[in-house]
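Below, each structure is written out as C-alpha cells.
Next come two complexes, and both contain chain A; in the first it sits with chain B, in the second with chain C.
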Partner chain A sequence: MSDLFPLKQVMGFALSIILTIIAACVYFFDMSMPITMTILLVTAFIQAGLQLVVFMHASETKDKPAIYTNIYYALIIALVTIFGTLLCMIWGYL
Partner chain B sequence: MKIDQSLPLEYSTQQNQLNILGFWVFIGAEIMLFGTLFAAYFVLVDRTGNGPTGADIFEITPVLFETFILLTSSFTIGLGIHAMRKGYTKAMITFYVLTLLLGVVFIGFEVYEFIHYVHVGAGLQTSAFTATLLTTLGTHGAHVTFGVFWGMFIVYQLIQRGLTPETANKSFIFSLYWHFLDVVWIFIFSFIYLKGMV
Partner chain C sequence: MDYFERFAIPHPSPAIYASMVAIGLTVIAMIVGLTYFKKWGYLWREWLTTVDHKRIGIMYLISALLMLFRGGADAIMMRAQMAVPDNKLLDAQHYNEIFTTHGTVMIIFMAMPFIMAFMNYIVPLQIGARDVAFPRLNALSFWLFFMGAMLLNISFVIGGSPDAGWTNYFPLANNEFSQSVGTNYYLFALQISGLGTLITGINMIVTILKMRAPGMTLMKMPMFTWSSFVANVIIVFAFPVLTVALVMGTFDRLFATNFFTTSNGGMDMLWANFFWVWGHPEVYILILPAFGLYSEIISTFSGRNLYGYKSMVGSMVIISFLSFLVWTHHFFTMGQGALTNSIFSITTMAIAVPTGVKIFNWLFTLWKGKIVFTTPMLYSMLFIPTFTIGGVTGVMLGMSAADYQYHNTMFLVAHFHMVIIPGVVFAMLAGLHYYWPKMFGFMLNEKIGKVTAWIIAISTLLAFMPMFFSGLDGQARRMYTYSASTGFGMWNMISFIGAIGLTIGFILIVYNVYYSIRYAPRNVGSDPWDARTLEWTTPSPVPYYNFAKVPHVISTEALWDAKYRQHDLFPEQYENIHMPNNSGVPFILGCIFFAWGFSFVFGMWIPTIVTTIGIFVCMAHRSLEKDPGHYVSVEKVKATESKLRGSQS
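On to the complex of A and B.
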C-alpha cells in the first residue's frame, strides 16, 4: 500500500493544503492590503512551483532546460502582459 | 520503434519524448492565454457599474470546496502516474477514475456558482466586472470540462489496450494538463476570490 503513496507526493499534497489554508487566512483575519497581497503572491507562486516540480516531473529528463526555458518565457510574457496592462490602464492615471 | 527500457514507459520512444516536450510548449501558450484574461480582469475589477462587486457575490464555502477538490484531484492523478511507472495498471486506472470523478464534482460546484451569480443579478452582461469574471472562470471551467472527456477516453484506452508506450505517453500528457489546470485555479483562488473578498 505504501508503494502506491510515495512520500514525496504525499508531502507535496500536504504542503499545498497548508499553503491554501495560509492563503485563506487573509479572508478570515483582518490584514492590511500590502500584507494580504504579499501572502497571496508568496503562497500562490510556491504552490505553482510545487506542482511543477513534484507532480509534473519537470526536472526529470534531459529536456529539463528546454521545459524551463519555455515555462519562464511564458511566465515573463504573462507577467509583462498583466503588469504592462495595469501600468497603462490603471496605475498611469492614479 | 526503438524502445529504451532504461526510461519510464511514457518517455521510452523518441516520439514520446517529443510529444511531452510539445505539450509543455502548449502549456506555455496556455499560461499566456490566462495571463491576458487576468490582465483584463485586474483592469476591469472595479468597473462594476450598477451591478454587484466581488465582495457582494463571492461565497467562501463553495470556493474552498472547489479548491480542495481540485488540489486532491491533482494529487490523485499524480499517484496515478506513480502507479503507472511501477506498472500497476489497475491502481493507475483507479486513481484516474477518482481524478475524473473529483473533476465532475468540481464542475458541479462551478455550475452551482454560475447559477448563483446569475440569480443575484451578476450575469455576463451586467458590468465589465461580471463579464471578465465569468469569462475567466468560464475559460477555466471549460478546460476542466474538456479534460474530463479527454480523461474518459484515456481511461477507456487503458482498459482496452493496457499499458503500452503509447497509452502511457497519453496518460502522462493528460496528467500534465490536469496539474496545469490546478495551477491556474490556485491563481484564480488567490487573486480573484480571496483578493476580492478581503
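On to the complex of A and C.
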C-alpha cells in the first residue's frame, strides 16, 4: 500500500499550498516593502524548486546530472546578471 | 490613399528609388525565371519544405553570403562618404541609416547564419547522427531567421530604415527621437530571427547531448562540435535577455510604456545594460564556433592531433561563463563608480587568459607538424597575427580608466573590426573552402583562393589600422563628415582604399565559386584533405541519410584512426533507416511571422490579430498532426551507396 500512495507528491502539494498562502498573506497584512519582497522572493524560490523536483521529476531519470548542471548554471547566470545590473545601475552608480 | 502614406520613405533619395526599381525587377525576374524553367515544384519539394539539416545549412550559407554583400555595400558607401573631408555623397540621415543597417546586418544576419550554416551542416556529420534532434524545428529556425532578415532588409524601401545604431540605444531609439518606423523594423526583425536562434540553440544542445554515435563520449567529440555545443549553451542563456529587452523596447514605442524613458520612473540606461548582457555573450557565440573551425583546420593541415584537447575544452567552458560577467565594459563611461568599473575591467582581462590558452594550443599543434598551406590553412595562419592586433587593443579598451580616452572613437571601431573580421569572417571563409567539397562535391580553386586570402588580409589591415590612429587623434565614430583641418583626411582615404581591396576580395570569392563550378574536377572522393573526423567518412556530396551504417567511435579522431590505425568504424550491417518527413508548415509559419512583424511595425492591428491567430493555428496543427516519419529500405541504401562510392562498398 505504501508503494502505491504518492506520499512525496501529496506532501509537495500541501507544501506548495502552504507557500502560496504565506505569499498571499503579504497582501492582507500591512508590512514594509523590504519584508514584503523578502517573503515573496523566498517563497517563490522554494516554490520553483519544489515544482522542479517533485512535479517535473528533475531527479528521477539518468539525465539527473545534466538537468542539475543546467539548473545551477542558469541560476548562477541569472544571479550574476541581476546583481551585476544592480551594481552598475544603482549601487555603483554615482 | 491615406492608409498607404505610412509606407512612404521619410527621407528619400534617388539611390533609394533606384533600389526600389532594382528590387522590383529582381523579384519579377525571379518569378518569371522560376515559372519559365518550371522550377516552382522543385523549389517547394527540395528546399522550402526540407527538414534535412544539410539543405538547411546550405540555405543558411546562401543567406549569409547575400547578407555579406548587403552589409558590404553599406560599408563601402560609408567609407566612400568618409574618404575625403566635407564629402556630400551621403547626408547625415542616410549615413545614420547605413551604419545602423551595416552593423545589424553583419552581426545578426551575416555572422549568425554563417555559423548556423556550419553548425547545421557539420555537427550532425561530426557526431555520426542522421539529422538534428528536432528536424522540423530546425526548418522553423531557419525560416524565422530568414523572415527576420527580410523584414529588416525591406525597411529602407518601405517606411524607412532604422537609424539609431546597431545597438539601438534608447532613449535615442524611442518615438521622440526616432520618429520613423525604422526602429520598429529593428525590434521585430531581431525578435523574429532571435526566436529562430533560440530554437536552434536548444535543438543543437539536444542533438549533441543525445545523438552522438556509439562510443563517442563528450571528451571524444571533435573540437568544432564542442565549440558549437558551448556556443549554443551561451545562446540559450543569453538570447532570452535580448528577447525581453526587445519586448520592453517595443512596448515603449508602440504602447507608450516607460521602461527606457528619462521620466515617469523609466531608466534611460537600462536598454544599454540589457543589450550588452546579451551583446557580449553574443560575441562569444560568434567567435567560439569560429575557433572550433580553426581547430579542425589547423589540426588537419598540420597532420597532427590537436594539442591540448582538454585545455581547449576547459578554456571554452570558462569563456562561456566569463562571457556573462563582462558586459559593463561596453559602457564604462556611463557614470558608474570606479569600483564597479574595476570589477568589470578585471573580469574582462581574465577572459584573455583562456583565449591565450587556445592560441598557444594552436601554435603547439603547428609545432613539428607537417604543415600544408591550403587556402583554409592560409586563412587560419593569417588569422593569428591579425586577430592578435584586435585582441591586444581589446585589452587596452578593457582598462576602464584608459577607456575614457578610447570610448566612442574610431579606435573602438578599428578594434572590433580587427577582432571580428579575422576571428569570424576569416574562419567562415576558411570553413567555406574547407567544407565546400563536402557540401557540393568539388573543390574551390586553390590558386584563386590563396590570392583572395592575401588580398582580404592585407585589405583588412589597410582598412582598419588607420582607424586606430585617427581614433586616438579624436575622430568620433558615427560622424558623417569632418573638416579638412582635423587632419583625419589621409587616414580615412587609406581606409577607403582598404575597403575597395576588401570589395575586390569578396568579388574574387564569387568569381572563384563561378570558376570552380565550371572547371573544377568532380571526382574529389569523400576525404580530399586527408582529414581526421567523422564527417569525411560520408560520400561527397552527402546522401540525405548521412551514414548508411551507424559509426562506432573509440577515439577523438575517428577517421584518422580508422585510416591509419585500422579501427573498424562500421562494424554493423545495413539496416532500414528511419528519416523525418518533409513539411511545408515551417515555411508557412515563417511567412505568417513576416506578415505579423510587418503589421506590428506599422501598427496595423487587424492584420496583427489575424496573423497572430494564424501562428497559433500552425502550432495547433503541429500538435495534432501524426508524423511518424518514413523508412529508407536496405536495398535503397545499398543502391545509393554503391552509386556514390563506386564499387568499393
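Keep in mind that, in the parts below, the second predicted complex is superposed on the first by the 87 of 94 C-alpha atoms of A that agree within 3 Å, B and C clash if a C-alpha of one lies under 4 Å from a C-alpha of the other, contacts with A are read in each partner's own complex, and residues count from 1 in each chain.
Everything below uses one rule, namely that a residue touches a chain if its C-beta (ideal position, glycine included) is under 8 Å from a C-beta of that chain, and two chains touch if they have at least 3 such contacts.
Only a predicted model underlies this, so the values are computations on that prediction, with no experimental measurement involved.
Look at chain A after the overlay: chain B and chain C clash there. With both structures placed on the common chain, the touch criterion links A:87 to chain C but leaves chain B unconnected. Using the contact criterion defined above for the overlaid structures, shared-chain residue A:16 touches chain B, although it does not reach chain C. Applying the stated contact rule after C-alpha superposition, one finds that A:73 touches each of chain B and chain C.
One of chain B and chain C touches more residues of chain A, and that partner is B. When the shared chain is aligned, no partner comes close enough to touch A:7: not chain B, not chain C. Of the two partner chains, chain B is the only one that A:36 touches; chain C does not reach it. Residues 66, 73-74, 77, 81, 84-85, 89 of chain A contact both chain B in one complex and chain C in the other. Within the complex, the chain C residues that touch chain A are 209, 233, 237, 241, 267, 269-270, 273, 277, 321, 324-325, 327-328, 334-337, 339-341, 343-344. Residues of chain B that touch chain A in their complex: 7, 11, 17, 20-21, 24-25, 27-29, 31-32, 34-36, 38-40, 42-43, 60, 64, 67-68, 71-72, 74-75, 77-79, 81-83, 86, 88, 91, 175-176, 179-180, 182-183, 186-187, 189-191, 194-195, 197-198.
Of all residues in chain A, only 3-6, 9, 12-13, 16-17, 20, 23-24, 26-27, 31, 33, 36-37, 40-41, 43-44, 47-48, 51-52, 54-58, 61, 63, 66-67, 70-71, 73-75, 77-79, 81-82, 84-86, 89-90 touch chain B in the complex they form. The touching residues of chain A, when paired with chain C in their complex, are 66, 73-74, 76-77, 80-81, 84-85, 87-89, 91-94.
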